[in-house]
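See the structures that follow.
Shared chain: chain A. Partners: chain B in the first complex, chain C in the second.
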Partner chain A sequence: MEDNSKIEQLKKATPARIGIGHVGTRYKTRAYLDFLAAQAAASDAVFNEVPETVVEQLGTFEIQTKCQDKYEMLTRPDLGRLFSDETKAYLKAHCIQHPKVQIYFGDGLSSPSIEANIPDLFATMKAGLEDDGISVGTPFFVRYCRVNTAREIAPLLDAEVICVLIGERPGLITDESMSAYIAYHARPDMLESEYTVVANISRKGIPPVEAAAHIVDTIERILKFQCSGVELGKFV
Partner chain B sequence: MEYIISVGIDIGTSTTQMIVSKLGIENVTGFGSVPRMEIVSKQILYRSGIHFTPLRKSLEDNRMEEIDGEKVADILKKEYKKAGIMPSDVGAGAVIITGESSRKRNARKLVEDVSRVCGDFVVSVAGPDLESVLAAKGAGADRLSAETGLRVMNLDIGGGTTNIAVFDQGKLVDTACLDLGGRLIRVDKEQKITYISSRVEPYLPETGEISIGQILTTDHAKAITKCMTSYLAESIGLVLPSKDLEKIYTNHGLQDKKRPDIILCSGGVADCMIHSELSDFAYGDLGVLLGRSLFDSGICTKQYLYDTRETMRATVIGAGNFTMEVSGSTIQYQNCNFPFKNIPVLRIVLEGQEDILNLSQRITRQVKEFWQDGLEQRLFALSMSGLSCPNFREIEETADEIRHAIKELSYEGPIILVLETDMAKALGQALRRRFGHERSFLCMDGISSQTGDFIDIGEPIGQGSAVPIVVKTLIFNS
Partner chain C sequence: MYLQTILLGRTYQFQTVKEVLAKASEVKSGDSLAGIAAGDKLERVAAKTVLAELLVSDIRNHPAVPYEEDFVTRIIQDDVDEKIYEKIKNWTIAELREWMLSSETTGEQILEVCRGLTSEVIAAVMKLMGNLDLMMVSSRLHITATCNTTIGGKDIFASRLQPNHPIDDIKGVAASTLEGLSYGIGDAVLGLNPAVDTVDSTVAIWKLLGDIRDRYEIPTQTCVLSHITTQMKALQTGAKADLCFQSLAGSQKACEAFGISPDILGEAYDMFLRDGSAKGKNVMYFETGQGSELSSGANFNTDQGVMECRCYGLARHYHPFLVNTVVGFMGPEYVYDTKQLIRAALEDVCGGHLHGLPMGCDVCYTNHMLTDQNDVESLATLLAATGCHYVMGLPQGDDVMLMYQSTGFHDVAALRELLHKHPIPEFEKWLEKWQIYENGKLGRNAGNPEIFL
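And now, the complex of A and B:
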């Protein structure tokens, strides 16, 4: 048997599945089951719905894109960014108009990321922005949400900056990770490169409160330079 | 990439040296990530000559020797000129006074003299433990250990002391310092003894007494260096102890005598080990003979150095390249008057949620104990390990507790918080909500420090996303 302490040390250096051993050409049972469990969790993260109780606990209401279910959301990205006229009217009626910053939450590809991150992430962001005199719009949850819902919502509510907190495609290490996509004057014909992104927000990545503090600074910079994405990079 | 010019100056028992290096600092995270600044390159631009440390009779007590501060300043002025740098170019660095030099009476004043000549950069003084760590890093022991996963011990054998640091799998695990070096006895060209350090005594009984003016025969000198070698072998656990090792400890020995996989040697005596052509008393001291004695004993299994030519310079490279750190991924500050120098650190336990309770009381008590005279408003930094993944409420409560403590202490200076875990920006913004935008504070993470340490904090770098920091453990030996 090799010196195990060295292998343990190497394993600590990465969350990747190294040094898991093998039996003949196969994984050991433990490693195989862990792998199956992680894969199942990742798959569940994509296909499970965000429970309505979670949305209630966040103290927000929810709207839905033109997708009818998860399957449609995954196969029709074009519908995952659009809303019916009815939904648009509802949203407009229930939200503050012309906020400096509109923040909302989307399930995206990870439903558990909402419950895991939003409470700390949003509370810290809101407190940080309002402290600097920046008005924050009414938060809400979007079911079957794609990042590009931002192109519809920003003009609808006349938000100067829009920020969607959305579940990331899960991996085998965590299924709770989310990203923030932020844009200045988002609109249907904007470029993808106009998004500023903060990724890997989770207990196992950037802690939600720290990510929030960083996003607050980023939004303040976006407001100052009146641009986002690649353009913003030219100022820093 | 941003660059900082860093200067390292080592005023040791035997020699005074200087290096100038260029430290490159860059954001190491990729697209979509929270930025994290790190020192990514270290390039040595200039190596000074190796000068004997100038000594003179003490002005107060002519039986004592002290370092000739003016001559040291002259040496450094000339070296700055040769290196082509102005004091105003220097952004970081350290002066360290090592070995027997640090015990000389005027060491503290010397540091002040030197820092006046060398620029208003971060100045630091080592204690034996920090000195051991810097020499080992300068010699590359930490990297060798990290790369190989082995237990690597560095022996920095200088004129007055031998500094020992042990790294296991890249982590510092042990340090020690011994009163053992090549310049504890000095002789003139006729081998007549001109200086005897009081620290040489443990090595004498078996070899016979010596006195100033007496001729030191080569055989006698060899007997002394042989005795030193056996003390060293016992101190590092290669040989079972037969002697009273306490006698030669500068501060303490190794905690764990576990045998290292690799032993490295640096310092002036190590340099003598590999130069067999030198005459026995080439430097007017025991250095050459001690080097040979160590070489013959086979203590050092392998020579692995920063650069094979850097044996002599391990400590000064350590001072120039390894004293500065950069704060972690996020900081939050406002209205700070950088740089901060010699800020005492108070360590407060904040590791779990339960530690937030009574945080204010504990801060108040510790600060009051530390500043016992109480009335004076002096700076301090609070060091906390921090919560590993705090939630919003915990951040708010922590900020409330800190506000209570600051109010209770009627402290009006800048609030300086040093955290290990990634929470500085969130806590900083929470403090801003409580103290407003005028009050000066600095909140940073990725830095570990303890009560009794002092920290220096430089001007922010990377568009204000990080600050350079030097954590100084212990000032002077006693």
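And now, the complex of A and C:
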């Protein structure tokens, strides 16, 4: 019993896969299968599509970047931030213009992150901002979405603050984590350092409702100081 | 210099040496993203055909970035042994390739000649090599370096113990470290990537790893992979570590994006020689990886194979104890799938070895690549067979901080057994004392970290 508690103490100190034993030089079957399951989920999160039914349940519409498929999304970050003229016209026709804050959702590198987080995350953010008298634009979903879509969408809809909620690259601890990338007056030639990021939003990280409250506070500070990213940090 | 060839009745005309090198490269998604890759397979072979007839001097005289504009170019060019260069400057790249592959040529001779080659030339000759060519050349180069122990040596396959933790929790890092030691991992270095890049956390982890090394009298090295300037400040507090870490890139502009310059690297090198706890003269640890130049817009239309080799040209200036490519970390924009991963890793390890570096590899992938753990196991086997100095050892290959997968503790043990390789000798003796290893294999205490408690 004494020995057993020592190894359990070690295991409690880290989420790393320790104390898993071995057969010869190799993994025990249980540990082997656990790893395979976590990696399969992470890989599927990247390569599976967000089902159209999920977009419908969010009550939003969908647009697509210039990428045609996941392959292009993963290999052409330049195309994953751009939209065709047709898509831009469609977006403009279906959205409120000049919102204080434009929030939208992107699959990024984790498709399950949308269904897992957006319902609680967006509802809480929208309510929080509108309670404080801040107008929120029409939400929508972007397929094959990179963070830098924000540089195209903000000028198009004339949004003062833009916030994209986008799937993160999955690890083996969770496949449904997402991040919020927020920028003041985003534009094509802005610097990477102008983004304010809230990362690790998931049931296993910062829970969506808690993250929403933090993002609302952040957006209100961005509006107050009229800047984001590294610049905003100077006002802490 | 002739940049034209006729292949199967078609004429191919290239404009620059840089274009020939880029188009002669095996497929990498990063070169396609940069818009410099061959348009099709035959054009790739045409570029290789042209490259085969170029002279060593043609490649040296056309560096990726001009000498006047780039400190990486200056370090590479100034470090060339001119006497050796004079002897081989008129060899064609094809002749250089065949000389390297010849049974008559020894590894010592190859390393000698490579001191007269720029990194671009070393990259060029590898573009005329198939995967097994790279392995044959790499495997005959025996390179050693000494910090507290000596890495390299015949039949040695070492490992870095990478005990990363999401918030650098001291108990958590210790737990993974003890587990790794119990599988015979950590003879290259006990080296943590910190979640937070601060002087305080660097000092705290240095102390932890140093205490573990001292308490159990482990013959190895310690390192925290924070930014080089953070480690310099940590050293000034009086805290100690054996190795100084930094990521390198292949152009000045890309190095600047990493926040490094020759002044910083030189100062850190001197500081760690003087004030660090290493006994030997090799005190630097560098990481590289194809694609980092393009990701910071600093590739100068140069292919990522050439840029990676320039990292090694920069690295060799500082006589490192460890250098490893983190071959699958940059993402599918640069290295897309298993095929590209294998090719990049074999190029990197061979290229590093040709630069005289004790070369390891983080055999790894992110979950947005078309790869899985089987690919890691296959590639690690190729690399162990080719004389790669070390790989990473992680708990079941899963990095819970950086969110990617690499080789596991068990994989290192398996490869040693499969290929009759050993840990660094002093470290193996230490493992035998704890009965973690017995008769050159995992012993009765393997996998049981409780022996340390």
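Criterion: the second predicted complex is superposed on the first by the 234 of 236 C-alpha atoms of A that agree within 3 Å, B and C clash if a C-alpha of one lies under 4 Å from a C-alpha of the other, contacts with A are read in each partner's own complex, and residues count from 1 in each chain.
In this section, a contact is a pair of C-beta atoms (placed from the backbone, for glycine too) under 8 Å apart; a residue touches a chain by one contact, two chains touch by 3 or more.
Computed from a prediction, not measured in an experiment: that's the story for all the values here.
Superposition note: with chain A as the common reference, chain B and chain C can be accommodated side by side.
In the superposition on chain A, contact of A:L156 is made with neither chain B nor chain C. For the three-chain arrangement built by superposition, the Cα-centre angle with chain A at its corner and chain B and chain C at its ends equals 90°, in steps of 10.
In the superposition on chain A, A:P77 makes contact with chain C only, while chain B stays out of contact range. By the touch criterion defined above, A:V54 reaches neither chain B nor chain C.
Touch criterion met: A:V209 reaches chain B, while chain C stays clear of it. Once the two complexes are laid over each other on the shared chain, residue contacts for A:A123 go to chain B alone; chain C is not touched. Touch counts on chain A: comparing chain C and chain B, the chain ahead is C. In the superposed model, A:K6 lies in contact with both chain B and chain C.
Contacts of A:A42 after superposition on the shared chain: chain C is touched, whereas chain B is not. Overlay on chain A (Cα): least separation between chain B and chain C is 6 Å. Overlap of the chain B and chain C interfaces on chain A comprises residues 6, 10. Contact residues of chain A toward chain B in the complex are 6, 9-10, 119-120, 123-124, 127-128, 131, 179, 197-200, 203, 206-214, 216-217, 236. By the touch rule above, chain A contacts chain C in their complex via residues 3, 6-7, 10-11, 13-22, 24-27, 31, 35-36, 38-39, 42-43, 45-46, 74-78, 109, 169-173. Contacts from chain B toward chain A in the complex involve residues 31-34, 149, 169, 329-330, 332, 388-392, 395, 422-426, 428-430, 432-433, 463. Within the complex formed with chain A, the chain C residues making contact are 29, 32-33, 163-166, 169, 171-176, 178-179, 183, 331-333, 336, 366-368, 372-373, 394-400, 403-405, 408, 410, 413-414, 417, 442, 446-447, 449-450, 453.
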